[in-house]
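Below, chain A partners chain B and then partners chain C, in two separate complexes.
Let's turn to the complex of A and B:
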């Protein structure tokens, strides 16, 4: 009887090579921390394991300092992309908190876990085939009607948006308010993770903004004017000039371009 | 007079005609209905379960907005909250009663909503019909320029305006408030013995047939008594009694459709207000031929 649990060892394992790779992978990624100069240290717990880290790091850099290497769940590092969602709870506190790892400083006794991906319902649709009507929101996201106005989504939002208010605006068919209130959403998914009614707020808002943009929001005057200018051939000559240059000439032109004053 | 006003989601979507007509009528009566800022869902259905407090968070949060309106000076010391939709009225009022009678529940809900100020329990949820009654039907009569003479109307109440008794705005067995209003507008009131019979409520989603059967009975009783139209105050009753006439017609080919109005639409007509406020195009059964026949709207203005 073959032992299913044991894999055959046809190739001889190069243990040293494996250990070197592990050591390489768990090396500190953050550079420039001069440990002897760090005055304050805190203990954070990543997925249950404790690490001593310098107190002035963000969750993201602290985890990298501790040896974690992010290949998912990290992006712009500037608080804009919404990739590094984090859930944490501080020792002795009942409250489960949320934040973006790149924007939140570590605190002593933080127990945290990364949420690199939110399993969320995201139907596909062609915006041109949809009616500009509240029914469209309910057709794609019927769970909207389950909102109990508990405001948990708002409390979870790292962007400080009034998430519940825009969900309620969606229910009322107020597309303008939905679009305006959700405008700064970075789609981190934390609202949807916390919602007891299992609403996917940020996808609802995206559909709302698309509908509002497609069917309602006023066309910007300057854009209309510029499109007319393009149609009338205002930029044809310049365009032709640019397209006729070689790559090298273009690179030189770019280097010598007149810059706008800062 | 400025009074806090709670519209509810349906008045912003399917029942816009209920809101436009009510706001126009209120204005004519010197009442400015001030929409609650940041209002949320009323809760839709009052939760009967003892320990299910989460479903009372939505209604109580709305009542906190009334407090805020008073503090912000949007209204002057008016803690009434006027509703139009019977369902919103019922849910908001019943939740209010519940937390006022159960201080532990109120404390839990206040604690849960720690980002809001506490609900102090001083809001009174009322229905627009009650506000009209307070103003007095005499005042209504004074404002009628286009009396609904010769129009035979059977008021329909459904359940949410009347039950349970401590929530209802009128005698749960023999309600008269709509009849009094319609009389003041000059209409002939027809009593429908089925005025309180359930319209089928949310069964309309699961089983159209159940609802169209109930609606058929309610409408036929009204017609048999001589009614030419129905009035009501609930968007769900409206859907079941008005739009479900399509299914009734499929089942009973000889059934003649009967128009159904929000009571505020008939008030706007009786007050001779701008017909944009009537919103008749949102009524499923087109009431225009009936109104033209009674000379209540002009042909060139009919949409």
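Let's turn to the complex of A and C:
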């Protein structure tokens, strides 16, 4: 914690002012755009209805600007949770596009709808009872065999993953490739919604990754050893002692720490 | 304003300024500023939003009367409930369970699984979520999870690092629990099938974290929280434990004395309420980033609105360390669409340096977070060596190309696919060019006080994860939050299950605590202008809001 009582009144005033300046600069992000400052506007169509919105917003923030209070179709707002799956077409284009509302900038003439939920099967299994074997994937997801390699899933993926490739890796029992290619999956469900073979790609990948993580390489020896030491109570005395130290003793120990070599 | 010309995703003037970073890179490669002494740390911390004057006040009612907290938090504590007892019927319960878990991030989901492991049947556990199961800060954790499992490391060392990071204010017995269980949690994740980064010998790749004295950070690329959570949620779903979504808790129920006995749920879509009667209740509702304390943008998810602290406080639980807020040193400052988003500390532990407008490396890249954040604020607002964006924000460069300079070509795509993807969506190549950063509101350091099993000061109520206070003291270290969620999720799940198994009967359902709280509010002269919990932040456009009418 900082030194107390050292800063003069004048300095205190300055620091308060700095905080206010920071807040002022962040206002657009925190409490919304001010219309008079917006130079460029675009028109988007939310489920068919047109709204004029500032051009530098994402689909998510543009819909909020237009007056939508989200209770579905929003989560982390930063591209990690997969809650804000969106389908859109631009006027005059044949292509149906996908994106996360929080990660996609608005474009003029966008017609969009959110898909906040994907009906999908998620079977129950106990990872301890499963074999590290491709048959496990087919047992729980027999529809895997229906893949027609159309690549629609890959085109639908807002993370730009090679979804069809990992489905093919799953079919071949190549767990490493399945895990590697699907690792960045945010389970938004867009691949499954678009799949003509009704495969739930992201759930297949989830099972595949768990099998790979659990069985492909053993738990490191250094972890096993540490767990054993903890079980034997090797650190009990030391830990008991350290929790009793005074603040002063702890401060000294902290200051005297030796940093591990880079 | 004239139309800006863009080069490689940046306005031309920023692109020109950036050339200094490229020019000085070789020189900076071997010159890294030394860590600050404790005196220098104290000096720069005067600039931290927690310690700079303004923005906070004393709590005027309840258990923590007289304690300092940020204004938006006090506003929620000094607010009236969403429901009045005469409005709702609590005479019978819609759900009757042994263990109610409120909040489905890593902490809540882990708690439910461990209550189940301890013998509570799947249909006697209920996990309720404000949004979807997984709409949580957990899933956005990028950097990693600390655990002292290398031979050269020790539990004591992890303890000292964390204590120092927390300015020696951490609650010792609770911190001890965190440290001692850490290796087991990594083991548990491995057993569940989480893919944790390993080297060619099959050992974990362990990275530096800010404020640590040794490499101790386990990660899953830069999607650590996502991978941990995906695996744990899949396990939860496989067990078919009870779960409902889009049903926030708007009030806890008590027996009128010192025990929590259930909760009132609210269907966000239909407006209907439901009553849960529970023998044990675990609160795992996360933090408060969406309160935008001191006007900062945030890394937090949409639902991080301090609900749990409000509910627990009203029920009579004690809070601690409410005066400190964690600002992550490196939030994105450009482009406007991603301002405040998290740029993981792991970037710095892999070689990226904060660099000012003159191309100077001005701070040791891995100070504890509050120190690092304060140094960046100083560079931008006292020394005036920041870079201004077209929307008026200031920031410093984070020299990401240095990562590949140190670790070899291709490293960023492999280790930071999430970051790389985020910037490429805005035409910025972080492998080639630096990115602009400024501190962002990240974490609720304090919260509901607990014992080493997550139990609060009231019977029948446990807390786990960010909603709790004590384990991190006044400043959390990197890699200790995901650890906290799983250690205390597990401990609270086990402890709650034991309580149930000891033969505890369910308690009466009343709102007497709420009535008492309202009397205190009135007694303190607080007018019924605010209501809480707020559940969700308000981002609707002002123009649209001004014309809104309520018909149904």
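The rule is simple: the second predicted complex is superposed on the first by the 185 of 262 C-alpha atoms of A that agree within 3 Å, B and C clash if a C-alpha of one lies under 4 Å from a C-alpha of the other, contacts with A are read in each partner's own complex, and residues count from 1 in each chain.
The rule we apply is simple: a residue touches a chain if its C-beta (ideal position, glycine included) is under 8 Å from a C-beta of that chain, and two chains touch if they have at least 3 such contacts.
Keep in mind that what you see is a predicted model, and the values were worked out from it rather than measured.
Visitor: Using the superposition described at the top, determine whether chain B or chain C touches more residues of chain A.
Guide: Counting contacted residues of chain A, the larger count belongs to C.
Visitor: If you stack the two complexes on chain A, which partner ends up touching A:196: first (chain B), second (chain C), both, or neither?
Guide: Once the two structures are laid over each other on A, A:196 reaches chain B alone.
Visitor: Please indicate which partner A:150 is in contact with in the superposed arrangement: first for chain B, second for chain C, both, or neither.
Guide: A:150: touches chain B, not chain C.
Visitor: Looking at A:33 after the superposition, I want to know if it touches chain B, chain C, both of them or none. Which is it: first, second, both, neither?
Guide: Second partner only, chain C.
Visitor: For A:165 in the superposed arrangement: first (chain B), second (chain C), both or neither?
Guide: First partner only.
Visitor: If you look only at chain B, which of its residues touch chain A in the complex?
Guide: Within the complex, chain B contacts chain A at residues 9, 12-13, 38-41, 43, 54-55, 57-58, 61, 112-113, 115.
Visitor: Could you please specify the touching residues of chain C with respect to chain A in the complex?
Guide: Within the complex, chain C touches chain A at residues 1, 35, 38, 42-43, 45-49, 51-55, 131-132, 134-137, 139-140, 148-152, 154-157, 159-161, 163-164, 167-168, 172-173, 175-176, 179-180, 183-184, 186-187, 190-196, 198, 202-204, 213-215, 220-221, 223, 225-227, 230-231, 234-235, 237-240, 246, 268-269, 292, 294-297, 299, 301-302, 336-342, 377, 381-382, 391-394, 417-418, 421-422, 425, 474, 536, 538-545, 548.
Visitor: Which of the residues in chain A end up touching chain C in this complex?
Guide: 1-3, 7, 12-13, 15-16, 18-33, 35, 39, 56-58, 61, 64-72, 74-81, 83, 103, 105, 122-128, 159-160, 179, 183-184, 186-187, 206-207, 209-215, 217-223, 225-227, 230, 235, 238-239, 242-244, 247, 250-251, 253-255, 257-260
Visitor: Give every residue of chain A touching chain B within the complex, in rising order.
Guide: Going through chain A, the ones touching chain B are 134, 147-151, 154-155, 164-165, 168, 171-174, 196.
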